[in-house]
Structure formats: C-alpha cells, structure tokens
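Letters A, B, C, D and E mark the chains in the order given here, with residues in each chain numbered from 1 onward.
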Amino acid sequence: MNALAIAVDNAPWQRRWRRFRRNRTALSGLYVLVALIVFSLAAAPLEALLGIDANNADLLSRFDGRSATNWLGHDELGRDVLIRLMYGGQVSLGVGIAATLLGAVIGISIGLAAGYFGGNLDALLMRFTDGIIALPLLPLLIVLAAIDLTKLGFSADFARSSAASFYRIVLIIALIDWTRIARLVRASTLSIREREFVLAARVSGAGTVRILLRSVLPNVIAPIIVACSQVLGSVILFEAVLSFLGFGIAPPTPSWGNMLNNAQELVATAPMLAIYPGLLIFITVIAVNFIGDGLQDAFDPRAE
Amino acid sequence: MFSPQRSCNRGLRTVYTVVAILSSFGTAWAAKDQLVIGATQYPSNLNPNHEAITSKDYVLGFVYRQATAFNGEGKNVCLLCTDFPTIENGLAKIETHDDGSKGIAITFKIHPKATWGDGVPVTAKDVLFTWNLGRQKEAGFLSLDAYDRYEKIDVVDDKTVVLHTKTVRSDYNELGRFRILPEHVEGPIVKSVGVAEYPKNTAYNRASTTPGLYNGPYLIKEVQSGSTVVLEPNPYWFGKAPYFKRIVIRTIENSAALQANILSGDVDFAPGDGVGLTTDQVLELEKAHRDKFDFIYKPSYTYEHIDLQKNNPILQDKRVRQALLFAINRKALTDKLFDSREPVADTFLAPISPFYDNSVPKFTYDPKKAAALLEDAGWKIGHDKIRVNAQGQRLSLDFGTTAGNKVRELVQQVLQSQWREVGIEVVIKNEPGRTFFGETARKRTYSGLALYAWTSDPDEPPVRNLHTSAIPVEGNNWAGNNIAAFSNPQFDAALDKLLVELDPAARKPLWFELQKIYVEELPVLPLFFRVQPFALPKWLKGIEPTGSGVSTHWAETWHAI
Amino acid sequence: MFFLRRLLGMAIVLLAMSFVVYGLIGLMPGDPIDLMVMSNPGITAADADRLRALYSLDEPLVTRYGHWLIAALQGDFGFSRVYAQPVLDIIGPALWQTTKLVALTLVISSILATALGILSALRPGGKIDTLVSFISFAGISLPSFWLALILILTFAVWLGWLPASGMGRPGEEGFLGNARFLILPVTTLVIANIGGVTRYARSALIETLRMDFIRTARAKGAREPRVVLRHGVPNALSSVITVIGMNFGTLFSGALITETMFAQRGLGKTIYDAILGNDYNLALVALLFATFATLIGNLLADLACAWLDPRISVI
Amino acid sequence: MTALLSVKDLTISFPVGRVNLFTGHRRAIHAVQDVSFDIASGETLALVGESGCGKTTAGRAIAGLYKAPKGAISFRGQDILDLPRASRRTVRRAIQMIFQDPFSSLDPRMTVSEILSDPLKVNGIGNAQEIRERVQDLIGQVGLPADTLNRHPHEFSGGQRQRIAIARALAPEPQIVVADEPLSALDVSVQSQVLNLLGALKRQRGLSYLFISHDLAAVHHIADRVAVMYLGRLVEIAGRDALFAAPRHPYTQGLLAAVPRIGHRRRRRSLIEGDLPGPLAIPSGCGFHPRCPLAKDICRRERPELKSHAGDRAHLAACHFAGEAL
Amino acid sequence: MVDGVSYTIARGRTLGVVGESGCGKSMTALALLGLVPKPAHVTGRIVVSGQNLSGIAAGKWPEIRGKRIAMVFQEPMTALNPGMCVGDQIGEVLHLHESLGWKEARERAVEELRLVGIPSPAERAKSYPHQLSGGMRQRVVIAMALACRPDVLIADEPTTALDVTIQAQILELMQRLQDEIGMAVQFISHNLAVVSEIADEVIVMYAGQVVERASAEELFSKPLHPYTQGLIATMPMIDNRQEQLAVIPGVVPHLDGNHKGCRFAGRCHKADSECRALVPALITVEPAHEVACHKARP
C-alpha cells in the first residue's frame, strides 16, 4: 500500500497519508474497496479458469447449490452467481466511478467559476446549485430516464444500444451528484481566492487561467477528493435505486442493483440471491464512506 | 438544563412543532366478514366504458354487472339478463332489413329485479341511453363496435329490448362489452356538459361512490385514488346476498411487497386474474406455505409469443423462423419456471379450447433439426460459434420486451442461451412498457424479436391480432394489434368467414384451417399459455377463476368458512 | 422583504421547473393520443387528429406550454388523463400522504440524529462515537428498497406486529390507527436519512465545541452539560438545520421508494405512475407541487435557522 | 523630487447586500474615497490607520488587485489603470507587494524555488538557467541559505517565511513595494529583523515602499512620510518628523497618544472616545466628528478639505481647526 | 510545555506576563482555571486567597471559575456565544454563582454593563454579540468576568485584537475597575509597551519558563536577562529613533522534551558551554528582581 505514498512524494500528501493510515476504519475501508475492485476485475479470468459461462441460462441447474465450479451456486436461471456478482461489480463500480468523475468535472468547473469569479456569476451558479439540491430529484430523473433519445437527434441504433443505457445512467447520476462537489469546491475556492498567495500570484502578473490551474486547483484537490469519495457511495446506491424503478442497467448485463432487484421476489426460496448483491452494495458503500471519512480527517486543514 | 425562557423577544420564538404521538395502536379488525384483496394495479378510473385495464374490470366485477360474461367453462352466460339469447332458444333471429341485407334481432331481457344501487330499476331507458351515447365517438367509449353494431333498438317493455344488428355475425350474442349505464345518473351529466366533455365529467370518476352507478352485489363505499377501493354490500342487489360485509381492494404495485403482505396476513389474497402474483410467485408460495393456502392454476386464453419483424431479411426465411422455434426448449422452460403449469403453445388457441387442433406440427425441442434448417438456409457456424451467411452477415437479432416484467426477462434470457447453442446471437433490448407498447411494438420499429402476450375471449377469432386489416400502419393511426404484420389472404378469408358463420359445425374446420396456416407460416413464435394462478386462504371458498375474464363477476358466491 | 424575495425566488424556480419539465416530458416517447389509440382500436386517424387538436398537441411545444401556463396561473391545472379527474383532486391526498411521511421522518430523524450527534461529539473517537459512526454509515449504505423489504419481512411477516403496507382507512380507526401504517415507511426513511444528519450534527458540534466561546462558558463556571446543551448545541443546530433543509428534496425522492414498497399513494408515486402512464399533466403538476413542497421546506428550515442564530436576519 | 507613483482621487467601492429588485443596483460602501498622494523614488510612505480605514484596500488597488477603481494611479507619469494589455505587464511588474500573513501568502504546495521563479516565468524574465541563478541570488539577498530553495513553506518559521515573501516581491525587479502590515503576524523578536531587512533593501536598491501599518512605532522607524487614514479618507499627511512631533488632526493626535510606550505607567491615553462607526453608517460632515474632542457644529455639516495649514506646504490635514494653535 | 512557573499576585495589583507566541503564557492562564486541554497535565500548586486549588476534584472547578478566578480572552468576537444576547451571557455567571433567578440576573447584568461603560445598557443587554463593535464586545467580556467580583482576573492578551484607540480605552477601563473592585490581575501580553504601562510587576517567559521577574519599573529600566534586554532593544521607539534596530538572531526553539541547558542559549550572544549544559535557576539577584541566567549573577 506504499504505492500511494511513493507516487506523491509531496510533503502534504505524505502527512495526509500518514494521518489516513492511522485511521483504522478508513484503512480497512480502503483495503475492502481495493479487494472489491480486484474481485470485480477477476470475473473474466475466473470464468475462464472454472470453464463456465456466467451468461448462459441453464434451467436444469436453476437454484442449484454450490459445487466445485460454482462456488456460490446458481441463480434463478441457473447461471453462476459468483461470476455474475463479479461482472455486476464491474458495472456497479464502473457506473459509480464514471458518474462520480463526470459529476466531479461538472462540479469542479461550476465550483471554481463561482468561487473564483464571485459576484453575480457566483450568485447565479449557487442559486442554481441550491435549487438543484432542493428539488425532488428522483421523480425528475425518471423523466430524464424516460426521454426518447431519438427525439434528441441520436440515431435509433445508438439509442437502443447497451452503451447508451450505461451512458444514460452515468449522465443522469452525474447530473445530480455534482452539486455537493460544486459547493465544496466553491467554498474552498472562495477561501483560497482570498489567501494571500493567490493575491501574490496576481500581483506578480499571472493570468486567470494560470492562477486557477496552478494556485487554486491544486489547493482545492483535497476537498474534491473527499467530496468524490462521499459522492461515490451515494452514486452506487443510486444505481441500485434506478434499477429498482426499472430505469437501471438492462438485463442480462448484471449490476448489483438489478441483481438485487431481481432477487427481491425470490426472497423466500433463494434468499442468498438477494443477500449477496445487497451485502456487496452495503459493503462497498460503507467502505467508501469510511474512506471518505478518513480522507476528511486526513485532509482537515486544521491538521495540516 | 436549558434556561426556562429566553429574554430576547424574537417573534419566531413562538414557533412550535407539533409531534404526533404514536401511542396507541389500532386493534386488528374482526376477521372473516371482511376480505382484503391485494392487486398490483389500481383501476385508474371506474367508468365501465372507458379505457380497459384488467384491474378496472376486476373491481367493476364486484359492483357492476355487464350484460353477459364468460364463465369458468368458457361459456358465455347471462349476468344482467334472464335468458342468454341464442338462435337455438329463439331469442336471436336472423331477419332481413328493408334494403335486403340480413341482420339479427336479439331479444334481451333484463333481470326483472335488476336495480341500481340507489333503488332505481335497470330499464330499457338505460339501454337506449347507453346505446345512443356509445355510438358517438366523442363519448370516448372503449368499444365502439359494441354499440355501433346495432342498427336500432326496439323497446318492448321496461325490462325487455330487441337489439337489431346491422349484419349477421357469429359473435352476435357477445354482449359483454355492452355496458349499460344508469341513465338517471349519467343522463343529466351528458345533457349539461355535452358528449365531448362527458369523459371528463362522468360520475364514475367525479363521484365514484354514487350508489346509482352500480348494480352489482357490492357498492363502492370509498376510494383512495391510487391505493384503495372499499366495497360494501349493495342493499338493492337482486341476486344472492353477498357474504362479506366489506371488501377492501388495495393496490400494492411491487410484487415482492404484495407477497410479503399476503404472508403477513395484511392481504388475504392476490387475485390470479392478471392483477396479482405471477405464476412463479404463486408456485413459490405453494412450495413454502402449502398449509396456509389452496392453490388453483386456471388455464387461460392468454399466450406469450414472440413477434418476428417482417421486414428483417433474416426472418423472412421460413426455415429460420422454424429453426428458431425448434431451437428452444419450451417444455423445459415451463417445467422449470412454471412447474409445468403453463402449457406450451402450439398455436394461437389454448389446448382447453374446443376448437384446438391437436394435429398441427408441435415443434418440440430439436436443436439438431434447427441446426440443419439453418445450414440449409445458408447460415454456417462462424469463428465465434455464431452463424454467418455467405455475405458474412452474422445471424444476430435484437430481442425486446417490456423492461421490468420479471417473468418475461427470465424467459428472454433462457431463450437467448438456447439460441446461442445453435449459433444464433440474440441481443436483448428491453424498454419500459410505455415505450415498448407505445412506440416500438405498435409502430413495428423493433428490428428482430418482440416478446409479449396476446389475450382473447374463449373462441374469439384472432382478428385483432392476425388479420391484415389489423396491421398498424400510419394510415390507420397505428391502430390494431397485428404487430407481426402477418398478412395471408387464405388466413384473412378464413377469418372473415368465421366472423359470419353461425353454424358451430361449419366453424370448426375454419378454426382448424387458421391453425394450420399459422403453424405453417409461423408469423410469430408461440411460447406458452398463461394460467391464472390463485393462492387462496384455506377459509375462503367460492372463488371460481374463469381463465379469460375476471372471477369477480360471481363475487356474491364468495364466502368464508 | 425577506419573504417577498423568497416567494419571488420560489416563483421563478417553479416557473423554470415547469418549463423544463414540460420540455422534458415532450421528449418522452409517444404522446397521450398514441396510448389512447392503443387502447381503443376503433379510433381512426381523423379521430386521433381531432383529439390532438383538442389537447392542443398539434401546436408547437412552446405554444402549448403558454396555454398551459396561462390556465395554470388562473388556477386551472387541468385534468389527469388516466384518472379522468382534475389533477388537484389526485394531488391533494397524495401531497398530504407524502407530507405526513416526510414531516414525521424529518422530526424523528432530526431529534434522533441530533441526540446521537451530541453523544458522539462529546467524546470523538470514543466507544459511543465509534458505535454511532457505524450506525450512521450503515444507515447511509443500505439500499432503501432493500431495507424496506427486510423491515416488512421482519415486522409484518415474521413478527406480525405491523401492517406490511397501505395507508390505513380514515374514519375507521382515526389518526392513531392510521399511524400504524406509517411506522415502517417512516422507519425506513429515518434509517436512510439519519446517518447523514448524524454525521453532520456530530461534526458541527465538534466544531462548535472547539470554539472560543465554549471556553468562555467553561471559564464562567458552567458545568459540562450546560456548556454542551446551552452553548454548544444551539449554535451547532443552525447548521444542522440547514442540512436538514437541504435534505428535503432527497427525502421526497426517498419517499418515492417507500411509497412504492409500502403501497402508499404519495406524491412521488403519483409522479412515477404518471410518467409511466404518459399522464403528462398529472406528472407536470405533481412535480411542481413536490418542488413547491420542498421549497417551502427549505424556507421553513431557513426560518428555523434564523430563529436559532440571531446573526441570520430574516427581515 | 518627481513622483514615482502618483495616486489621485482614488475611490474604491464594494457592493454590499443584495441587488435591489427595482433598480438592479446594490448598495455600495466606499472603502477608499478620494485618496491622493505621491511617492517619490526611494521614498517610504507609510499609510496608517485603524482596522477598516481602507489602507489595505488602497494598497491592493495600487498593486493592481482591483478591477477598476475610480481615480487615477500613475507610475512615472503613466496612468496604469488604463494601460493597453501589451504594456500592462511590464509596468505592473514595477509594483510588487508583501502581504501581512507569511503563513498564507506562500503557496503551501510549491517549493521555495518554485515560489520565487514563478513571478519570473509569468513575466518572461530569463531562460531556465538565468532564472535559477536569479532565484539563488534572491534567496541570498534576503539572508536565507541556498538550501532553503528545495523546501516547502511549512518548514519555515514566520520570520523566514516573510523573508521568502520579500524575495518573491523582489523577483521581478520592482521599483515600488507595497508592504501590507508585513510585521503584524510576526513575533516581536523577529519584527526588527524584517524591519532591518526592508531598510537594507531600500538602501541597496533604491526601492520605494508604501508601508501599510497600524504600528506607529514601526512606522516612525521606517517611514519618510506618513499618511493617516480614517474611514476611507486621508485625514493627514506629512513628513515623519513633522507628523510625530506636531500632529494637526485630532485623530492623529489621539492615535499617537494611544500608542503604548515603555515606561509610561498609568497615564491618561484615550483622547478618543467611542468606537469606529460601521462602513454603512459614515457620519456626515467630518467623519471623525462623533469621536472628536474638538467637534463643533461645523464638523457635523461640512467635510473639511485636506489642505496645508500654518505654512508647512508638505503637511496637509483635513480638519476645520487644524490651523489653530493646539 | 510550561515548566516550573511560580509567581504570586497581591490583591489590587497587576502582574504582567510577557512573552512571544508559544512561550506558554496562555497555557499558564488556563491552568489557573483547570482548563488545560486534554493531553497536557498540570502539576504544582495554585492557591487563591489561601485556598489550595491544585488538589480539588474536577467537579469542584466550576465553582471556582468565574467566581474566584475569572478570565478575559483575546478575541472578543469569538469569546462570546453568538446565539445568546449579551445580557443573558452576563446574567448566566450570576445565575450560576449567586443563585439568582434569571430575572434578577438580567437586571444585575444591566448594572454590570453600565459599570464597564456601555451606553444605554438596558437596551444593549438585549443585543447579540454581532451587533456590537469590537471594543463593546471586549467590555462585555470584561463585565462577564467581573460580574461575581472574582479574587483574580486573568486577562489573556485582552487588547491584542483591538485598534490602538480602543486598546487605550480598554486599558483605562481595566485600571479603573481594578481600583474599584480590588482584584488581583494577571495581564498577559506579547506587547512590552502595554505591559509596561499597566503592570506593577512583570514576569518574562521564554519557551515555557520564567526567565526574569521584577517590578515593572525595574524590569524596563534595568533588564538583566539577555532575552529581556534583546526584546526591549529590538522595539522601535518613537521617542528614540535609530537607523538600525537591534536583533535577536534565530527563532524560538521547538521544545522536544530533552532540551539541555538554558532554552535561550541558542539565540544568546553571551551563551557559553555552561549555558548549553546547565539549566539556569531563577534566582534573586537584586531585591525583588529575579532572573534565570548564568551570566546575570549578582
């Protein structure tokens, strides 16, 4: 785990890493998350190794228990539960990370602009952000999820492709998760902007872009990372909720959300089918939250 | 710890939050004279003639009696009338109109004691009122044909009318869609707002607890839009007095939640009439709670099938269509998923139908034959085990259905796997119901396969689904259900004949011919007929599923032990 | 002046929302007439055109929006296509149902979260803090529909203590009888909601307890409970309330899930069904009402903040 | 002595509160109003006053940190508020700034070497090799060893950080340095080190300073001339000795009397009563009148002009009674 | 942090404590109130009017604070509870210690506000801290501290955050109140000039230790410790301008626990091997003048 420390040999990062490492829950959260990522990525190799096809519905082995090649048994269509959980992890974590990053890009841009330029732009952008936060978003998102992409000029082929469904979910989630990042970035930017080293850079003649990129952005990275880690957890949950409402990743592509949703009705006969993805979602989100909490403490400016 | 008061007068200090104290819990209601039914769908509105959804028919069954309905044996019987009109019993007579064309005069006798919920008798006046209203398109009635088929109606007396059809037709005594409205309630509304505004102002929606709107054993006592309908016995009901003092129909859309409600006893049962649990859920209940419930699986006339896109060159090849059907193990599918309860569909007709032709080819699972057919059609196994043709085109098809329908999605994924075994690639592209039915299926924009169900009355000819005139095209505003765009002159001709042939002996060969053409041409891939699955508490008796319509038409016979 | 400005702001938000949602709904597949045609095979092309004209669907989106807006401003929000009733008749009870749910959740989770936040802030890093942290994170991390199912299975199916779903029957068992039906959904929402608020209350109180005036209070001779409850909590509370206020929208979203799971016809569910059922007008107006409700919630939160923190002026 | 920097009628206002719904404007407070002064080459002008008097705002405006102040600021006769883009940078680099808080004025993420080379890079001074030499030279000039260059600001004490900040200000070879309260965040024992360094640099490089401070003792030590501000306006400006020996404005007098001095136990020191009014409630007439022991009716009505009294042309005061014998 | 600090203050007298940031002067003050933050701990004796406070139970401290020993803090803005009107904040002390009802406590609070020279005190009592200017706030803090007429008042940099004119007002106020009430005052400041003006006796602290102690006049006219001498010399004097200021080289050392010898040795021009090896004791070199320096023996 020293890779992180070596990669950023910058002194504040070392201190933060040291502080983070001292936080045992956060550190175990990180281990769990890394393990989950490894777990998800191992899907294809393990599938090849065991010589099974996780997408193959085999009704004869419906609900069959564990075996030498099917470590967690079979689901309602006789597919291997373990491998599907691993593939589902790729989708869920993929959606989570992609939506968080996209949200971060939106949030950072808006937050930086609002915080640095201030004035009416700030007022406008923050009103907008607060407005978005205040809205009952889930119903709105259903409207978004129901939009016919062909009416927006996308080709019918694209609109029906599974890539479109992935992008659509990523986009929909990103459209709401940026607000927290934007607020945090703005708040940090506001305080950084008034810090005298930014004034000093301006006095020495640096242009706005240079100041934003060289003086402001590096100094708001810490809150951004904290915010992203917090957002990631809610995004993974959100994917599950969208699946629940029927707007998630379409089957047969597994995601933890739609696996959980499918398993709901089977709770009586095959409770484990619901417990595995539910547990994985829970563990992931809680791990991410612990990491976020640890990062927040580690990046606490008072401790710097 | 807090100081008792704060001196600084800020006006807002007087804001208090009132917290509801959940101190006492209500008592459990008295058992057995009340019945709680859980349905997955809410009957959006209650006018018998507007917008048909199953949940509405289900609720209306308790409170409203249409003229006739199909019973559990698939026989059309009287609900509101005394004698079911047939040629045989003389209540229906072929007559010749002044212009020489032929029609049928049907004598319809309203039950002498039939009364609306407010004590006003159901009379010929109501029949005439409904007929006049129903023929006007602005009234927005679901079935124009149910009213427009009559040229005139003669009133014999208060309780007897003679309906004169415009043409001779085999379904002359299918009167279930003639839904008589109370003239004394709806009449004044039509008068005051006009026909065009009637749909928005009908008392069924505006004042749905008005007793005068209903004539069934129960009356609607209370409606919580979207969630609950409460029924109580109709004091003016003319039939057998209903057993339950109160029936509550609750909408629980999430089927897992509905299942939980049944297990917890909050809901006594979920009807199998298409608004309750799915077959696999009831099967599960049977596995785990055999002691608590009685189980009924009533074969129905609804069948799941896959429409094939007619414009897709791959599917234009009959051999490919046949191969598709040979390659899937429908028997194993229903054995495993539905415990063999849902019979494999060989044609559009259910095996329980008297007109079912058992001699048609059955397309039992035969992957070798499927492979051979595909080879024959020029599809050779490619490098990734998916077949390609001489042009290098992959044998790949899109496969859509209604997203969120668990059973269909399961079936879909099984079929996908089975087809892959014979080298056919299927890409699943599901859409929410509104998109699927509203756009993709209706405008026939799906590119390969589309899975959904067709339903019909017992021995209703498949005109709506397979007649050329029922192909939705832009010219008819995409109306009709022939989404596979099946068009076969022989088939059309047989159908047309069937529609006017009154002689049962002559009808049977026509039915057989239709089935032969269907199996030969395979416009769609038949999968299996659904059942109406009921899990009824042991103490509840008298419920008789019909297989086609709703079981509530005979709700007065329901009782507890 | 403050109220005027806030009301004006709310009006602007609602106006913008109505326009955006109107546009978005226009982008959904199919139009209402399509569905009518679908359910009524007898309708002809001419009928469909006539109906389109009747519903003004043949006009450009903006014009339609204009008509809708003018009618809406006159108090006529139009009809629900599916229910064939004025939308307000449908929204009214749904709004009340959701309000009950959200308000109860809010009150309970605020009180509970503040109490838990205080407990853990007293000894950051201590045993209680660790436990509370774990509970909070667990609450945040559970998919709410999953939680709801577990609760139903436990308390309704297994223990049989509470009704699995529904909204009760007014007039029969009175408010308290109906309250039973709220216990599970409210519990679900509280569990999902409490984690975030607790974490926030905790950090706000820790922050506050580090402030100079806390030291002043101690130097005055105030004992620890008084220092925390009289000096710490009220000052931390205003920022907690801000967060709670911002949670209104999230709560409404959460209510949609519990309304589905517990079969309660609330606003979220109404919107969801309306969207799925192509009931444009109902979806639009219900969304606006939901927005309005959350904006009111925000306003109330701001007022509560101003009440707690004299530095914030409302006049 | 010709003026190197000339400030004429400088007025800086900030909008406060919300936009008026009807006019679309916001209320403005004038942080600095009609301030005029010159600084000659090699001269140190101190700007003194209490918090909120506008001295920092004025200093920042001169350093170019505000968009468009009203009035004129000219450097060597050239108006720098209205420069074409191209020449703005070359003129601007002649005016650099040292900030109050050396803990906040250095980017915590940069090494000292980056901090010092950045101003050279943005101003396009020299190639990489020259920049490196220049940076080493600079760090030596402020009395820090060359091995500091690879370290980060947090590794230094306040005094050392302020030296680094001074070196950064010197990097673009400025002619005027605006020093905004450069001592107030430092420990007493290092303040004198920084004061001495500033003095030495002035002598070596012929620098001019605009020295902004509330510490009259430090001002007395370093300044050639002193300008006193109150509520955004200059109330008195004079040579150091003249001002300290014979302040003409009652505010300056009160200020001087209030300065604590070693060995003056238990004396009466508060000539000035009451508090500074808020920026939104600036009194009419002479802004100082509510606190002034000399205030008469005229003070409430008329604002006194800043002008010379009793002969000394270089000693200006804005008081109706500045000419009278005190 | 703070090591072996001893001093006494007589009733009605002011002890000035001088030192740079981090020298431990505020920590000493907090120790007197039993408010030293967690990881640190206090040993030694604190005696007020003959009562030994060092051994008392933690639960007894609140009875001492505000009643026997009161404190005025540096930042009047943050030292006041922003959510409570100032009358209540003063009243709270009286409520706590003199068991007054809230009504009487508020009435007394108004009196206290009048005492510290706040105009129209009855109205001001209903103000919140943010509605007052910095000087007013510090007056409120002083009123709060003095409400119970404590034996000892600790003033920790009470004027540092204030402008000079306000500082002068507050200093005068404190002197007047001391004359009226007669409490002992411990006045902590880094500003030598302020301390020289207000204190009767002065102790100079460096890196957690007392290095010199004398009457104010004595200390400023004849400083004996090189640090004190250096501090005085480095100050620019309005009365006595010099081109070049004296300098104390170096910075305050970080204390790492195993420091040997005189803590000032690293910056002292007189330091020799003795200074680096042995900790100098605080010894009386002249009557009422103590110094901890090997080089300042009598």
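General observations
Operating definition for what follows: a contact is a pair of C-beta atoms (placed from the backbone, for glycine too) under 8 Å apart; a residue touches a chain by one contact, two chains touch by 3 or more.
Everything numeric here is computed off the predicted structure, so don't read it as measured data.
Graph distance from subunit A to subunit C, where chains that touch are one step apart, equals 1. Of all chain pairs in this entry, the one linked by the most C-beta contacts is B-C.
The geometric centre of subunit B is 85 Å away from that of subunit D, both derived from CA atoms.
Subunit A and subunit B have centres, each the mean of its CA atoms, that are 43 Å apart.
The geometric centre of subunit D is 31 Å away from that of subunit E, both derived from CA atoms.
Rounded to a whole number, the gap between the C-alpha centres of subunit A and subunit D is 49 angstrom.
Looking at subunit B, one finds that residues 3, 8, 254, 256, 263, 432, 434-435, 439 touch two or more other chains.
Of all residues in subunit D, none touches two or more other chains.
Along subunit A, residues 146, 148, 264, 267 each make contact with two or more other chains. Those residues of subunit C that touch subunit E in the shared complex are 211-213, 215-223, 231, 234-235, 238, 308-311. Within the complex formed with subunit A, the residues of subunit B that make contact are 254-256, 259, 263, 278, 280-281, 284-285, 287-288, 329, 332-333, 335-337, 398, 403-404, 406, 409-410, 412-414, 416-418, 420, 427-430, 432, 434-435, 439, 445. Across the interface of their complex, subunit C is touched by residues 33, 35, 62-67, 70-71, 73, 75, 78-85, 92-93, 96-97, 128, 130, 141, 144-145 of subunit E.
Here subunit A touches subunit D in the complex through residues 10-12, 120, 195-197, 199-207, 210, 214-215, 218-219, 304, going by the rule given at the top.
Partner subunit B is touched in their complex by these residues of subunit C: 29-30, 34-35, 37-45, 47-48, 54, 79, 82-85, 89-90, 93-94, 104, 107, 148-149, 152-153, 156-157, 160, 163-169, 173-180, 182-183, 225-226, 229-230, 260-265, 269-270, 273, 276-278, 303-304, 306-307, 310, 314.
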